[in-house]
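Below is one structure, written out as structure tokens; comments come after it.
In order of appearance the chains are A, B, C, D and E, and numbering begins at 1 in each one.
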Amino acid sequence: MNQHTVKMRELARELLSSGQVSLVLGWEKGNLWYKSPPVFISRVEDVEKLIFDEFCHNNLAKYLMDLVHHSGKIAVFVKGCDSRAINRLLQDNQIKREKLYIIGVPCPGLKDPDDAVGKKQGAEVKNSAKCATCSYPNPVVYDALLWETVPVNTTKAPVEELIAKLDSMTPDERYAYWTEQFSRCIRCFACRNVCPACNCRECCFDQAEPDWLGKANNLSENQFMQMTRAMHVAGRCIECGECERVCPMNIPLMAINKKVARDIAELFGECAAGLDLEKRPPLGHFDLNDPEKFM
Amino acid sequence: MKLAYYPGCSLSTTGIEYNMSTLAVARTLGLDLWEIPEWNCCGASSAHLTNHLLALALPARNLAIAEEAGLDVAVPCAACFARFKATEAAVKDSAETRATIEEVIGRKYEAKYTVKSLLDVFVNTVGLSQIKTLVNRPLEGLKVAPYYGCLLVRPHKITQFDDPEDPVTIDQIMSAIGAEPVYWGYKTECCGAAHPTVVPEVGLKMLKSIYQGARDAGADCIVTACPLCLTNLDMRQKEVGEQNNTQYNLPVFYFTELVGLALGHDPHTLGIDKHFVDALAFLKNKGFLNPVQNRRDSE
Amino acid sequence: MLKNLEEVRVFMERINLTPGLAQAKPIRDSLKEHCGTDVGRCYQCGKCTAGCPVAFAMDYTPREIVRLLQLGLKEEALKSKTIWLCATCDTCSTRCPREVEPAKLMEGLRQEAKAKGLVADKRLDLFNDLFLQLVEKYGRVHEMGLILKFNLLSAQPLKDAGHGPGMFLKGKINPLPHTIKDNGEVKQIFARVRALGGEGK
Amino acid sequence: MSIEAVKADKAASQENWEPKILVFACNWCTYAGADLAGLSRLQYPPNVRILRVPCSGRVNPQFVIRAFQKGIDGVLVAGCHPGDCHYATGNYFTRRRYLVMQRLLEFMGMDPARFQARWISGSEGPKFQQVVTQLTQDIKALGPNRKLRDME
Amino acid sequence: MKRVGVFICHCGTNIAHTVDCEKVAKTAAEFPHVVFSTDYKYMCSEPGQMVIKNAIKEHKLDRIVVASCSPRMHEPTFRKCMESAGLNPYLMEMANIREHCSWVHPDKEKGTEKAIDLVKMAVAKVVKNTPLTRSSIPIHKRALVIGGGIAGIQAALDIADAGYVVDIVEKEPSIGGRMAQVDKTFPTLDCSACILTPKMVDAAQHPNINLVTYSEIEKVEGYVGNFEVTIRHKARSVDVSKCTGCGTCWEKCPTKVASEFELGLGTRKAIYTPFPQAVPNKPVIDRDNCRYFKTGKCMVCQKLCPTGAVDYTQEDQLETIRYGAIVVATGFDLFDHSVYGEYGYGKYPDVITGLQFERLINASGPTAGKIKRPSDHKEPKTIVFIKCVGSRDEAKGKPYCSKTCCMYTAKHATLVKEKIKDSQAIVFYMDVRTPGKNYEEFYQRAVDEYGVQYVRGRVSKIYQKGDKLIVKGEDTLLGKQVEVEADMVVLATAMVARSDAGDLARKVGFSYDQHDFFTEAHPKLRPVETHTAGVYLAGACQGPKDIPDSVSQASAAAAKVCGLLSKNEMATEPIISAVNESICSGCGLCISICPYKAIDLKTITERVHGKMLERQVAAVNSGLCQGCGACTVACRSSALNLRGFTNEQILAEVDALCL
């Protein structure tokens, strides 16, 4: 058992037994060695289920939305990306800070479970794509930080290369690329369901009136869906990479989100989401001196 | 404390007493000045008038050498200081400029360390209270006109030093050594730079208004931090006086000379004998040349 | 100062604005690019001139130079003594309410005037050239040599002769040029700047 | 290529193909500007259809995608000049949204000419004429839009 | 089943000349839901409207489309027509086939094709229309004026004279404002106090006006007709109901401090009224400087007060009052010229501001009206005036023109020449701007009759030389440097917004510009309104203004207030945003986008699985919403929708056009 896990259990035990919190959200070891699904712990004796390893992918923040009416205080473990999700939900008025005990776990970067499939436990596994360029491995909001912060890596991620590649293409080539990608979409909405920025009570894609999204599963509707989602999370996406990780069809969704985030930074100045609660989302305010292209 | 030291061309010729007094005083104040080896001329006061890149590159070579040694740079000459600051700002401002400069000088220079005027070093690194405690010949009753000229304070966004309209560092240092700085309106007026030499019909008039201003303010002497200003004000004083049928009798000092005097140094060590307007006689009259027994050097 | 009636007449001649105004915009744009300052912003308040320590000797005041440029009369500005007399003390730029920087403008105009052979005061130009020649040659400035050479070349060999011996006696002027041991590096800098066309923005 | 797309291609090659262009016009400036163009009898290509909205800030980017889905060839979102918005600030949000949207459309492979935004005031009848004329020409040069289009 | 009628107008030949109206009508008859379609020469005419009304009756139409001119022209006409036919006026849409079609497309075939498209879009939209009704909000007939300067006083008097109760909230102990500090007024040179003090007394004695001095606005809630304003009454330490204003307390108070009213040129006591003609003439204790509050000892004022009005135990009190309308008249501050190093950083005692000069020439000022310079109380002989200090100076101050300085500097120079016969008054200027009745004449008199010397150029430097101030400038008309040895320098410093202007604007909820001046709803056509309904502006808080302009704007604001208060209730446009609470997730992104602060979060309770649970949702205030629809785009789940321009309606139009 690693030191991290020890520390997690220690704190969880203390919080539960002292009655400070009535529920702890963490990760446990699943049936497969390369999966560490979320676990909800309300009894002290279950604290032993908690673990931290390189497969704790799930962003626990989103689960808090299902617990808004939970009567007691909830402790939740957050990696850097998860902590930004917490801020996302706080800023969107979806959860209440005073009902949370946030435990920060600086994240050393996770492994790619898809690469582990079929391998033996302990085998060499690739790093997870979403962690490759993570700029915020250390939690940005927490009540307790479980261990020392980790250094930020600055390597260039594959997604950046993909964006650069797409940028260098002609419009038709780009269109062809995305056609190929979106044609695969099976409209399972996993991307939306996992996304901390997608926190509407009722998604516009599920509405019959207005009929934003047609029921037919075709390329055009898929394009509508993904572009609309890109605009809805524009300036709000915390770049956790969960959408792309959970996509069963491996559509490179983060290329879109990263590209939009970069455009926004270029146009309106750096405004990475989920870092500062006081900073309003860039499409929710304006500056008189914004770039002017429409004269 | 250790600083790289860039004396510049003037301090080995016309401004030799600035160098002498600086080095003498620095020892007393506990400043370790490391002269940049094989330094070259910074290009003031001509390069920036004719060629932008050259004006940035000449100081950059010196700065690069200091940066290799990992030191902030102390610059006594106001003109050199202005050029160094301009280079520092340009390199900080643009990676592109930096690359061009590095290419031209054939050395790496990232502007990691700060260029400081010697005044800045005295007031903010050494500190006025430190100077005050080391004084053993307070220059009481000496009325000085602090003269800053242009280059220390302008352009302010580059020099980032003192106030562009009402600088006070020399005033503060003078007060610390017991002298009395007078208030006058010519603190930052231009002495004409090369004009008194090159276009004397213009330059000498510029100097005249400064002498007149100091005299009107009741000053006994002028104190400066710029070798060009001093040379102009000192060397041309007699000539300007003759042109205007007067004698100004305003000795011109480097602030380091007066600090050195107050700290108890011998006037000859400080180079006070090297002025055109007779400074020694003046100081003697004022009673500031009586030997001092126990000079306290800072360790 | 105007010497005779002839000069008065020429000086006061009516200017036809039409050709100049056609040039005003490109002139403004090129100055913005080369000097980093925008003459179009000037509203002719005269604060630059009011504080200029050299204005008394100029043929056009700094404000008037800007006005000439606003009207597209750049040739006139290039031929003026003003641009050579500016001591670059930056008082004007520091106080300008419209953030125009006349001192930078003068620098740019000098460079252009020189390129076009329109140097109105040869002495200042000569001085700058000599200065840089010395730096290139020796790495440092030899001030005695500079002044002597300047006086010689500006045809006033005895101008500062009165000061020379005084300086010499006071140990202020080294009779021999001082230099840095290996000046190859400084010479390289000059060479590379020339190779880059002299402009390094 | 679907049959529809082939048909569209064919249509493009036919000389009588005319693009359809949708203009979202804010009621207070651009719609008034278009009215003024009419009052002044300023002719422009009949390809544009104006959809009146109270403010350019009302134009949801989803409307734009929808129009492309349904076969429009070009879209213009137009409103008051910055500082002139009847609702004080609506167009500043428009500006932010559509600066982002424009880049997104391009990233998705749309031709930038097909989606544009402009500020046209109530007094700018000639500007309205000039903008829609230019837009029509640009889109004619591109041919019919097939991208994002719902072919079923 | 919806029953749509379509009416195509020929507009004489205006439309029919290039659009085949008959064909359009025939084609439209085939559109879904259309049960009747016709064309007519002039739809807007009486008989044209009869065609519509008859068709509605005859064909049981429940909604119509009129294809004619711009809705900006005749939408109200056809809405009225709907109403008189017994239908909801909002079940009507127009297709603009004149301005947007027949007048701009000479090709009849193409024009007809486009007209058909436009009608198709309108039909698709109208099918989605729902009946909308105007609602009304009650108007509370009481007005609040914030600021008791000349603008506030004038606005209050006008409103009160119209019969409405109005409260003036003033943060100083007395009303009067800046005008009370001014000596004489241009261009007539009548004394400021002589014309102001009667107005102050009028306001105090008016049965409909309540003076609420030494008080500040704490909080503003609500909306037009129904503002809930919380006012903080600062502790005066004097019971106003007992105080008679006899003056014993301030005569005997031992503590002297610099007077704000005299701008540092004179002193006042710790218990004080700002100036002798103060209204109300009742003092306050400046607790920061009062000996009792600092040391616990003294109590001279309390001991000597004949009516026992001094009360050291008073505390700030909050009071909430409901108002129908608010006039903001908070005035201006002066630019702090200490940023001008070249003018001595405000350190030369004889370099003063224009307002300080007003105090120096004022008979009730610190020098009893004798011009004496602050440093040595000598009479200055040479006085230099510098205009545009801070104004028109982007580098150190403000880019705008302060509008009043040209005139008051001419006035000051005139008064110098009048009071000191052997004096020199020299004005350094860049432009002389005198656009006002009798203003240019006034300026010319200063030059012609009084011999004031105007020098065109901005001063570059002032420095002290002995007891003189050396002023260096350029005479730009001459192209020469000039210098003046002055005894005193008067700076015409810029008018700037009050330092707390932004705070107040945020509290009340209206917008302000980059210089913190309050923003009018329209620079030309709605100059006294703000974007917030029911809030109006008067005086220099909106931008630099002189007294005549401030008074005019105050009366204009008062007229607007009276217009509003004259009604018992106010109809609101039905084209506003509405929230679908079942969808709204309460994220609040719409709130920051709304320019009218019309959206708030509210808590609702709903039954979920047998439990009553609370959650927050957006709520649109129909009194504030102006119907721009910006919020609808911020709302990702379409919980917000704009009535009359719903997502469904716009999508229907888009679909109709494309398909």
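What we mean here is this: a residue touches a chain if its C-beta (ideal position, glycine included) is under 8 Å from a C-beta of that chain, and two chains touch if they have at least 3 such contacts.
Because the structure is a prediction, the values reported are computed rather than measured.
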According to the touch definition, list the chains common to the neighbour sets of subunit B and subunit E.
C
Chain at maximum distance from subunit D, centres defined as averaged CA atoms
B
Have a look and report which chain pair racks up the highest count of C-beta pairs in contact.
B-C
Round to the nearest whole Å and give the separation of the Cα centres of subunit D and subunit E.
36
What whole-number Å value describes the gap between the mean CA coordinates of subunit B and subunit D?
66
Compute the distance, rounded to whole Å, between the mean C-alpha positions of subunit A and subunit E.
45
Using the touch rule from the top of the page, what residues of subunit E touch 2 or more other chains?
342, 461, 593, 634, 647, 651
Subunit B: positions in contact with at least two other chains:
164-165
Of all residues in subunit C, which are in touch with two or more distinct other chains?
56, 91
Interchain pairs in contact, sorted by label
A-D, A-E, B-C, B-E, C-E, D-E
What residues of subunit A sit close enough to touch subunit E in their complex?
68-69, 92-94, 199-204, 207, 209-212, 232, 280-281, 283-285, 288
Contact footprint of subunit E on subunit B as seen in their complex
163-166, 183-185, 213, 216-217
Can you name the residues of subunit D that touch subunit A in the complex?
61-62, 65-66, 69, 81-83, 89, 92-93, 95-112, 116-119, 147-152
Within the complex, which stretch of subunit C touches subunit E?
43-52, 55-56, 60-61, 63-64, 91, 95-99
Inside the complex, what are the residues of subunit B that reach subunit C?
9-10, 12-16, 38-41, 43, 45-54, 56-58, 61, 97, 100-101, 103-106, 149-150, 154-156, 164-165, 188-190, 192-195, 197-202, 205-206, 209, 235, 273-276
